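Next come two complexes, and both contain chain A; in the first it sits with chain B, in the second with chain C.
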Partner chain A sequence: MRKKIAFFILLGWLLLFIGDRVDELRVYQGAQIAMYTIALASIVLLTGYSGQVSLGNGAMMAVGGYAAALTLNKLGSPIWFAFLMAVFFSALFGALLGTAAARLSGPYLAGTTLALAVGLPEIANQFAFLGGVPGILFDVGFPPARFGEEFTQYKWFFWIATFLALLSLFITSNILQSRFGRTWSAIRSNSLAAELSGIHSSRMKILAFTISSALAGLAGAVLAMTISLVAPGAYTLTLSFALVTGAVLAGVSSLPGVALGALILVAIPEIADVLANSWGGGENFSNYLPGLIVSLLLILSVIFTPNGPGENLRKHRHNKASED
Partner chain B sequence: MQKLLETLLIGVSTGSIYALMSLALVLVWRSTRVVNFAQAGQAMLSTYIGFEIASRSEIFWLGLACAITAGALLGAGVDFFFMRVLFKHAVSGPAVVVAPVIATLGLLGLIRSIVGLIWGGEFKSIEAPASKDGFTIGQTTIPFSALNLLIITTVSLILITLAIIFQRTNLGLSLRASAYAPEIAQLAGIKTGRTRTIGWAIAGGVGGVAGMLVTSYNFLSPYSLDLLLVFGFIAAVIGGLESMVGSVIGALTLGIGLTFILNYVGTSLVFIGGFAVLVVVLLLKPDGIMARGKVRRA
Partner chain C sequence: MIRKTRRRGTWLAATVLAAGSLIATALPAYAETGVTRGEIKLGITLPLTGAASPGYNKIGNAMNAYFKYVNENGGVYGRKITLIQKNDEYSPQLSIAKTNELILKDKVFALVGPLGTANFTAVHKSVGLAKRGVPSLFLNTGFSGFAKKTSYPASFMILPSYAMEAKIIAQFLKENHAGKKLGIVYQNDEFGIDGMGAFKAAGTKFDVTVPYTSGSQSAATAQTWVSQLAAGGAQVVVFFGVTSATAPLLAVSAAAKYAPQWILGSVGSDPLTLRALGVPVAVLNGAQTPAGNPSPNDTSDEYIKQFQEINTKYNTGTAFDDYVLQGMNIGLMTVQGLRAAGSNPTRKGLISAIETKGSSFASVAYSPLGYSKTSNVGHTGYYMAVMDANGDRKPFGGTVKLYTTDSGSGPVVLSTFKRPAMPAKGLPSNS
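Showing the complex of A and B:
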């Protein structure tokens, strides 16, 4: 435990050190990577461990984003409290949805959460206090003056996002290594056997859904921070799909993999841009090429390495070992 | 009273389109045990092809025929080149339960991007084959139009054709048999693999019709069929995902119900209403309205 804390502190220090030495755009992308890391951790916990497929993580993120923005704007609270409320409300929402979800299996759950992801932006459009299509502002304010003149806004985003990401990863990895993590794996691999050994399977599934939603909500608030805005257009179906892709690329049940998945998700639009420019394609190219790459990666990885790239390496090593 | 009747008629017209989408989902679910979220994408691509033909030839029905053909080929292609490969590879590990669902999502994204690359994101519309203006009875004009009537007629014809195929032909028998008990069907000499691909093709064709009909009174964009997919799914769940009759009943009920919400409450609650129906059905009657006693856990 003490080693782990030391590791996370060291990692955080290293990230901040790197953050000091790269240009503004990379710092901003660093904040995005941190945001995706939190969101992917929520999927790993839910899908990789408790075996429930949710396609509605974008919707959960929206709940967090709106909760944070409303807290900040209406109550004029400090930022940390806004993030806390994001976690609280999305957890509450997740618990409600999880209660329904625990009774559903595979396709039903996937369809229901998909419906939510399609519909939530529509719902958000309808209510005045959510600001309709333009959304509501979410301004975390300037970095504290004591960091000096050099300290930019993006760097402030990056610090907050990185801190929250590391904190989330730390907590999540502890939860997954605890009794809960093992119980979820048991339910996923054989729910009947798990119930026979005294596990209250639906209660545990609801718990997984709640924690996962809390993480997604936090990610939603971080996303809102980086774009200074909460709007239905930020939490689209495309986002939900991208998150699933990132989780599959990372290996659905590998927590360290999420950082890699997040990195890929941020890198893809960059790569697509370069490709679109070099092929001289029009507007369609730059709009749809990232989606094309994401979907192709998703399909290829789900067919060839459904359990993540790590599995194939392990298998390879295993085969080698047995040959010797 | 008049408003009630109008709402009912429009509801049937809306519901009949949902019926096609939910049938497409049910057909695939029965044979493959996958809810094919890519159905929205397949239907969209077929509709774009139908749109191209219809707008060039200026004949809606030619476009519809092409959309059906394209949808059927696409459906068969997805099963043959995609699902078979997937099931061959994804056999073990924590991801095996989620792999098919995620794969269909990937396919949806892929088709959406391809459509976007070719046609772009702007809204397209298809010249409707019939007037969108409501019928005039005596002095009053009702919102129910010739187009609505045409939609109901087209869907009815398709449903009757499907019913004949499934009840009266050998193909229908093998489709039902391989969905009900694949191994026994195989022992009885049915080529289950080929039958499954035919099932996917039928589903694809039906989805293509749904896309064309929705587009005839709406617009077409890479995202325009998402809502149809969701409502089709809800309808299929009402029917229990297994039953074709159930899904049609579910779709009509949903269509009528949502039109009532639209006419009497307002636009803002239509989606929430649909979602509420989904949650209530899943909680109270998770096996659908057609379930008889026995509870299936899948």
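Showing the complex of A and C:
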């Protein structure tokens, strides 16, 4: 445990050190990578460990984003409390959804969560207090003055997002290595066998849904912070699909892989921009190209490496180590 | 021998480097972001695709057409203007992402004509435009909150505010529709609330008030609006919302044979967008609306004539309408701003130049510009117009009767302001 804590602290320092030496665009992208890392961790826990396929993580992120923004705006609370409320309300929502989802599996569960991803963010359009299409502002304020004039807003976002991502990964890895993680793995491998050995699988599935939603909600609040806004358009179906793609590419049951998945998701628009410029496709083309790349990667990954290239690489290494 | 040759090569390289460095340092440096010896880079975010794109997607190309015309005629102090357009699909989060690209990646000198109240509010906060000192010229939104100089020190409006618009409509109601039952449909966000506050301050009392949430507009919701208006007996209905809400409102009203006198706010009265949304433009026939510019079909106007010529040559195949006119006019104002900033423009210099000289800039709109050291208010007035069955507008009463006011408690006054003449050949020569 001490080694793990030391590792995370060291990693944090290293990231902040890098953040100090790259330009502002990269710092901003660093905050986005941290946000995706948390969101992908929620998928790894839910799908990779407990075996429940959810396509609705974007909706869970929306719950967290709106909870944080309303807490901050209506109560005038400190920022840490807004993030805490994002975790609380999305966990609560996840528990309710998990109760229904525990009766479902496979495509039925995927379909239900997909419907949620489509419908939930649109609810905001019907209520004035949720700000309609334009959404509501989520202003975490300027960085503390003691950091100096040179300390930019985006660096502040990066610091907060990185801290929350490392904290989330630390807590998630501990949960996954605990008896809960082992129990979820048992349920995913063989639900009937797990039941026969005394595991209450429905209860455990609800718990997985709750924790996963809490993580997704936190990611939603971090996303809201990086764009200073909560709006239905920020939590689209495209986001949910992008998260699934990121998780599959990174290896859906590999927690360390989530950082790689997050990096890929942030790199895709950059790659699309380069491709669009070299092909002369113009601005419209470059706007739609990231979605096309995400879809292609997902399709290719499902055809050639159903568990994701990350997972294959991990198995290959594991087999090689066993042979040695 | 070999060592000697190598040493000679090293010396040669060092000499070339040193000479190069000396030459480089001797030349004048252009340290300002987005400005080089031969180019000034500007950026705009706007909806090139998506539901809000019809009409708005023309603004960037129209602006670019004007810049091409200026570039071919010597540019701004010899520098060509490059405009980078980014598609934000009218979504605040995309607007933030695209503005980030413009500022952090493309490194533009200034933003010109960014669109939408919600978008610019989010962008201004998220990207930190004020703290970065990035000039945001001639916003395509009339939210009076942007006129707060202390919060938006680097931004300049161009449109009269929604509050001004509401005050002028209130005056028009008093003068022309006194004693009639009044109704209003408004969008209950910054845009509509800005207008409602001004109506209240002007003492306008509506008999039927119908708010709607942005995004909830549809044929089904419009049914409920029309039912409320008809049940309340509203004879004159003011609409203070977006065109995607005007469309179902007018279509449902026509189907229900409910025909009050419509007074459509400037944002929601665009015939082109209505046509794109499948509503026959004929439903606009007789609707009254505030207008700032002459009709784009009025070729007797010197601005319209010049802009139409530029459009034909540099924006080939695009119909000349209000959006093209707005884009070109922003281009004209921008070039005057850049010229006023001097031959070595800086961001600070540009902001200061508009503050001190901007109120005398040539612009197609009839009303005065309100720029000063303490104000970033753009145009300050409207005249009332009547639309025909083609969506074209003519001044109400036959001649332009210009009203000017402010966004606060100032009175609405009939103005005799005469706008500056169009610069010769449409090419500013100010400094």
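Structure notes:
Quick note on the criterion: the second predicted complex is superposed on the first by the 307 of 324 C-alpha atoms of A that agree within 3 Å, B and C clash if a C-alpha of one lies under 4 Å from a C-alpha of the other, contacts with A are read in each partner's own complex, and residues count from 1 in each chain.
Following the convention adopted for this analysis, a contact is a pair of C-beta atoms (placed from the backbone, for glycine too) under 8 Å apart; a residue touches a chain by one contact, two chains touch by 3 or more.
The structure presented is a predicted model; accordingly, all values stated were derived computationally and were not measured.
With chain A as the common reference, chain B sits beside chain C without any clash. Looking at the shared chain after the overlay, A:160 reaches neither chain B nor chain C.
Angle at chain A between chain B and chain C, computed from CA centres in the superposed arrangement: 80 degrees, to the nearest 10.
When both complexes are overlaid on chain A, the residue A:70 reaches neither chain B nor chain C.
For chain A, the partner that touches more of its residues is B, with chain B and chain C as the two candidates. Contact with chain B, but none with chain C, is seen for A:306 once the two complexes are overlaid on the shared chain. Of the two partner chains placed around the shared chain by superposition, chain B and chain C are both touched by A:287. When the two structures are aligned on the shared chain, A:15 is found in touch with neither chain B nor chain C.
In the superposed model, A:231 lies in contact with chain C only, and not with chain B. Residue contacts after overlaying the shared chain place A:241 against chain B, while chain C stays out of touching range.
Touch criterion met: A:131 reaches chain C, while chain B stays clear of it.
Between chain B and chain C, the smallest C-alpha to C-alpha distance in the superposed model amounts to 5 Å.
When the two complexes are superposed on chain A, the residues of chain A that touch both chain B and chain C are 126-127, 283-284, 287.
Interface residues of chain B, counted against chain A in their complex, comprise 29, 34-35, 37, 82, 85-86, 89-90, 93-99, 101-103, 105-110, 112-114, 116-118, 120-121, 222-223, 226-227, 229-230, 233-234, 237, 241, 267-268, 271-272, 274-275, 278-279, 282-283, 286, 297-298. In the complex of the two chains, the chain A residues touching chain C come out as 23-25, 28, 124-128, 131-135, 137, 139, 142, 152-153, 226-229, 231-234, 283-284, 287. Contact residues on chain C toward chain A in their complex (touch as defined above): 48-49, 85-87, 89, 91-94, 96-97, 100, 104-105, 117-119, 121-122, 125-126, 128, 131, 188-190, 211, 213-216. Those residues of chain A that touch chain B in the shared complex are 47-48, 51, 53, 55, 100, 103-108, 110-112, 114-116, 118-119, 122-123, 126-127, 185, 188-189, 237-238, 241, 244-245, 248, 252-253, 283-285, 287-289, 291-292, 294-296, 298-299, 302-304, 306-308, 311.
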